[in-house]
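First up is the structure itself, then whatever we jot down about it.
To keep things simple, chains are lettered A, B, C and D as they appear, and every chain counts its residues starting from 1.
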Amino acid sequence: MFSHTVFYFFALLAVASAIMMVTRRNIIHSAVYLITTLLATAGIFLQLDAEFLFVVQIILYVGGIMVLFVFVIMLVNLDVSLRLVQFNHQRFVAGALALILGGQVFIAFRVGRGVLPHPVLRSMSPKNTEAVGDALFTHYMLPFEIASILLLVAMIGAVVMAKRRV
Amino acid sequence: MSAPLTYFLDHIWLIPLFPLATAAVMLFCGRRLQNSVVNLLCVGSVFLSFLYSLGAFLQLTAMPAGERIATKILFAWIPAGPYHMLDGRIANFVADWGFQLDPLSAVMILIVTGVGLLIHVYSTGYMAHEGGYYRFFGYLNLFMFSMLMLVLANNLLLLFVGWEGVGTCSYLLIGFYFHKKSASDAGKKAFIVNRIGDAGFLLGIFLTSAVLGTIRFAEISPSLAAGHFAIGDPRITAIAFLFFVGATGKSAQIPLYVWLPDAMEGPTPVSALIHAATMVTAGVYMVTRTNAIYQLAPSAMAIVAIIGAITALFAASMGVVQNDIKKVLAYSTISQLGYMFLALGVGAFAAGIFHLMTHAFFKGLLFLAAGSVIHAVSGEQDIQKMGALSGKIRKTYRTMLVATLAIAGVPPLAGFFSKDEILGHAFRSSHLLWLIGWLTAGMTAFYMFRLLFLTFHGQSRVDHEVEHHIHESPNSMLVPLMILAVLSVIGGWVGIGGRFEHFLAPVVRVQRHTEGFHRVPLIGQEGEFRSEDARKELEQELGATTPAAPSEEIILMGASVAIAFAGIGLAWFLYLKRTDLPDKIAKSLGGFYRLVCNKYYVDELYDALFVNRAKDLGLALGSFDRNVIDDAGVNGAGWLTRFISKVSMWWDTWIVDGSVRLGSFFVYCLGFVSKFLETGYVQNYMLLIVVGLIGFLAYYFYLAHHVIH
Amino acid sequence: MAPTMISPDYYLMLSLALFTIGVIGVLTRRNVIIILMSIELILNAVNINLVAFSRLWGDVNGQVFAIFIITDAAAEAAVGLGIILAFFRNRETLLADEMDLLKW
Amino acid sequence: MSQLIPPAIIPYVMPLVYAVVIVAVLPLMAGYIVLLERKVMADMQARLGPMRVGPHGLLQPIADAVKLLLKEDIIPNDADRFMFYVAPLVSVTMALLAYAAMPFGPAFQIADLNVGLLFILAVSSLGIYGIVLGGWASNSHYSLLGALRSAAQLVSYETAAGLGLVSALLLAGSLSMKDIVQAQADQGVWFILVAPIGFFVYLVGSIAETNRAPFDLPEAESELVAGYMTEYSGFRWSLYFLAEYANMIIVAGIATTLFLGGWLRPFPRLHQHLIGTSLELLDALPSLIFIAIALYCFRLAPRQPVRIQKLVMAAAGGLCLLLAGAMAGSLFASPAVMQGVHGGFWFMVKVMAYLYAFLWIRFTFPRYRFDQLMRLGWRFLIPLALVNVMGVGTAIVLQQLWGWDPRGAELVTLAATIGVALLLAHEDEKPASQPLAEGE
């Protein structure tokens, strides 16, 4: 049905472009595919009735973080990097281990599937933004402040790192 | 009677203050001042002090004889609190900054400020061409301050402050020409010798406060009465003796007189003021001030009398052969001081003070006149190189003649009265002492006139280049001479009929119980007023005016006048009539003459006995310091430290560091094994993380499996 | 019958897939920037889980945590890229296995 | 009609229509904005501007469009072809996507998201990728530098502009565009009056976001030929162009909605009725304006040199008359229709006014240097916007706690904000240090 269609669309888009992102030789292309993945994720958020998070995902992730990535990529982009080997010496064992990890988690999901309750569609407050803001500024006040301080520290650190003459 | 005015009595503390202020000005910023300003300030301040002293004196005399005492306590200087006296009683020690004016100190401040004022004026002329003008006057005013503190103090400790102050000033002024080695040596000598006496005096003060429980003069007699001390109590005797030691130091008595002749190195006004008129009489003043103690210590008084007598004779004999004009005067000063102590020793305190006063007049005059002479002959001091000056410097000659007559004891001049008083009391107490004093009087007349004749009469022996610019001194020097001359003439008359004694009586009242080795004559019949009532006793004393035995008085007077004229005649015969005789006499008794000429080798004796011993002690201590302290102590300690440090270094290197190195070696081995994990590749670490995750998950699966089955 | 949502398993599977791909990227790629981007991918997978479960439980806590995670992602990206810039300025390379100053 | 359409898709019909209308009309509008721009520029430079094509160049945009479509499409060698294709599409798509939440009128809105404003910001911020990827893909230094500059510029000024908007959000208390306009209607005041600083900050920020002078460094022809568009030509270039002007309209719409009262007519509280009727005098304003323009056109028509131009001018006048009639007629239709028509009219008027301000600024100010640009953004606008947000918050709290008059409270805080602004400006006169993120 409709929501299933939406979900499958976004999910397949996300996974496919994620794979592309990991395998591209050109960093810019990887970035673009990552952006696609993120946008697809945003779509999934929307499909999960999390409008606010949807917008936040687009503004922060796509519009902020990824712009930063692209920016830096353009600053440091080297044509020689296109001709290099893109995977390191431990690629086979690493890939195998990663797959094993995924398999384990998959097994865990399969085994523990019965644990989750029957997915009844609980009614969420129509004003998702107000709800999130309310939770964020009342119950999660301290974490919010800590996060803001984290951002401040990160900003200063980034400035110090990126300045020409440190 | 109406309450007398007490302004000056309330402000006696100002009297020392004026000289102190100007002294401070002089010594701190005097360099920039004009001489005229210096004169104005210093002489002015002394003049002010003199005015205040005069006012205080008058207001004191205005008071009824009984309570002629004014005390002004500024503040408690050393409130040290309670302590145990020797006999176990509790006393409260307090030394306050207080002034006390009674007839004795009134007389003293009059002498000090009066003579001091004259000598200041004289100095403005005498020192006019000297360098360090402001310094000289600064020292002089500082001396005035100290001397006034000394005579005005109301307790022993404050008196000691003045005592040390005058000592310091005398040191500074003797060494005024510090560029002359002899001068600075003389200063040091005076200072050191004084130290000995001062040590005794200080011990005396300690002992006083320990025995009597007070150091206030006003409380000494009461506490003596309270202590019920027997006559000749050893503690009291000890105190008296120690005080006397101090007095010998300050007043140049045997054995501590040696500094005074050398002190003549100082400028003549200084010799006049300090070493004739005031400072050297501090001892006399002090003994008089503490007479209450002495009267309980007959043996101490005996010592005082004997020492004084011997000093008088001894110094006179040395004065006979001196050729330095100032040295002669110095020895005469010593002998006159001996006279005073003789008086004190026989209990004639008033007579002693009386002689002190007259002596201040004529001896100050003598010194100043001598200074004028030296000034005239441009610095020459040897009387053998003078003579026939009487015509050239007439005024000086006249004044000096007056002074010489006065000291020789020719009536009716000052010296006659005072010396006669002393001889009278001495005769009544012991004939031997009288004999010595009598002889001394003769010798005094002799050598004083020898000095006079050699200086002013006979044919001139002055060098020629000096000859033709001999000149009279300026008025600033002559006026004081004349004033002092007048005083030397009339100064003795205050003693006629014992008025002086009556005035001093409240201070030097002779206690009834002083019976000892000598018979102290009571004014009036003995033992009559053994009453407790001081006033009645005083009235009786004042009532009794006439001396005990007029006939005896007359005889003694005649004897002393006779010996005086004999001395004068002998001097005339030897030094004007038969000028060749002295050398013959000298040759005839060569050894003795040489002995006397060399001042009985006393200085050499002291050198051999004390000074060199002290030097040896210093050398011994020095070698001890070098050898024992430095070598054995310091170097030994250093060597020991180095040895210990070597040992600890070995320990540190091999044991401590060794263990550290061992540990680090183990760590190194471990690290060598584990470093192969540390590839430096981030992704290796991530891989390890993943491996760890896989391991955990597998473990959980294992657990879950077991939980299920 | 109450309206049902898509079973959370789907979202779990999706996030698992993204997570695994991210891990592979982190482990195998040599380019530091791609490693960073893979990390972002992993965080993203986590976000999907959180939001899915917040939907399942019908409250917003999961979304709040997702927001926190995005914040951390931003901070991490800023600092990481700064480090990369500095490093690139010194070494002229972007390859992770040439950053071996810590090597023994 | 309702029989013809299955009820399931009923709610999707009108948005579809709106979308079609917007996509259809937007290029035209863009073209005529260009004409307007050239005319205004000419006016400000005492010239006539385009006069040949059509009366007073009224047909110039169509001519330009035709020319662009017919131009040859050049793709440089070893450019990244895929990116080169995609980039313009990205920017124009994102630009158009933003219209989805833009309320042209009470009803004229594709979708009223309750995160509408954020949605618009998000989507328009995605427009960066079009520029950056295009600049990168065309493999030219000019393009790359332009792209980097614009990326840095956009990222920096998005912050400032967003913070500027926050003040209006605080006042409205909602993210849905419709609610925001409604809030202004309820409070009876345009938010520009209570938050002027926020409006100012957003004005500057939006100029920078749309890469317009004096912030047009990405395409500073004197330095880097045409910035990221250097290698583009023909249709792709016109796409970029379209995207730029679409963005201009977007920011203008946002400003209009948040600060200028959206579709509300001036003095929404003022209900002065025509005597005897229920008609409000102010509602007659649009018709009168159009009638005035029509009369102007008719007066100009005879003076046109060529007959065809006479005709066109007369047609324009007729069009205006029609519009005036529509405005007047809508007064007697149902209130919804009246609201819609008038609302759209007022909205477009405000947007045009905002755009006129853009042009005005463009022709008035010289271009900034890049470090000056960055300094202005980071050192002046952002602190100012922050202080402004604090001020508005304070004002609201004062109003809620002690019932202060919001205007009074806002005045109090406005003073503080202006003080901070002066302080910042003063300390900004000192020479700046290293610019924060310089591309090269």
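The criterion applied here is as follows: contacts are C-beta pairs under 8 Å (C-beta built on N, C-alpha and C of every residue); 3 or more make two chains touch, one makes a residue touch a chain.
Quick caveat, the model's predicted, so the values are computed rather than measured.
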| item | value |
| --- | --- |
| Chains contacting each of chain A and chain D, listed by label | none |
| Interface with the most contact pairs, given as the two chains involved | A-C |
| Chain located farthest away, centre of chain D as origin (C-alpha) | B |
| Distance between the centres, which are taken as Cα means, of chain C and chain A, whole angstrom | 5 |
| Euclidean distance of C-alpha centroids - chain B vs chain D, Å | 111 |
| Distance between chain centroids, defined by C-alpha means - chain C, chain D (Å) | 36 |
| Inter-centroid spacing, chain B versus chain A (mean Cα positions, whole Å) | 106 |
| Junction residues of chain A - those touching two or more other chains | 52, 56, 64, 68, 75, 88, 90, 94, 97-98, 101, 105, 128, 159, 162, 164 |
| Residues within chain C bordering two or more other chains | 23, 27-28, 96-97 |
| Multi-partner residues of chain D (each touching 2 or more other chains) | none |
| All touching chain pairs, where touch follows the definition stated at the start | A-B, A-C, A-D, B-C |
| Footprint of chain C on chain A - complex, ascending | 3-4, 7, 11, 14-15, 18-19, 21-22, 27, 30-31, 34, 37-38, 41, 44-45, 48-50, 52-53, 56-57, 60-61, 64-65, 68-69, 72-73, 75-76, 78, 81, 84-91, 94-95, 97-99, 101-102, 105-106, 109, 113, 116-124, 128, 131-132, 135-136, 140, 143, 147, 150-151, 153-155, 157-162, 164, 166 |
| Contact footprint of chain C on chain B as seen in their complex | 675-676, 678-683, 686-687, 690 |
| Chain A-touching residues of chain D, taken from the complex the two chains share | 80, 83, 113-115, 118-119, 121-123, 125-126, 128-129, 132-133, 136, 144, 147-148, 151-152, 154-155, 158, 175, 434, 436-437, 439 |
| In the complex, chain C residues that touch chain A | 2-14, 16-25, 27-31, 33-34, 36-38, 40-41, 44, 47-48, 51-52, 54-61, 63-64, 66-68, 70-79, 81-86, 88-89, 94-97 |
| Residues on chain A engaged by chain B in the complex (per definition of touch) | 88, 90, 93-94, 97-98, 100-101, 104-105, 107-108, 111 |
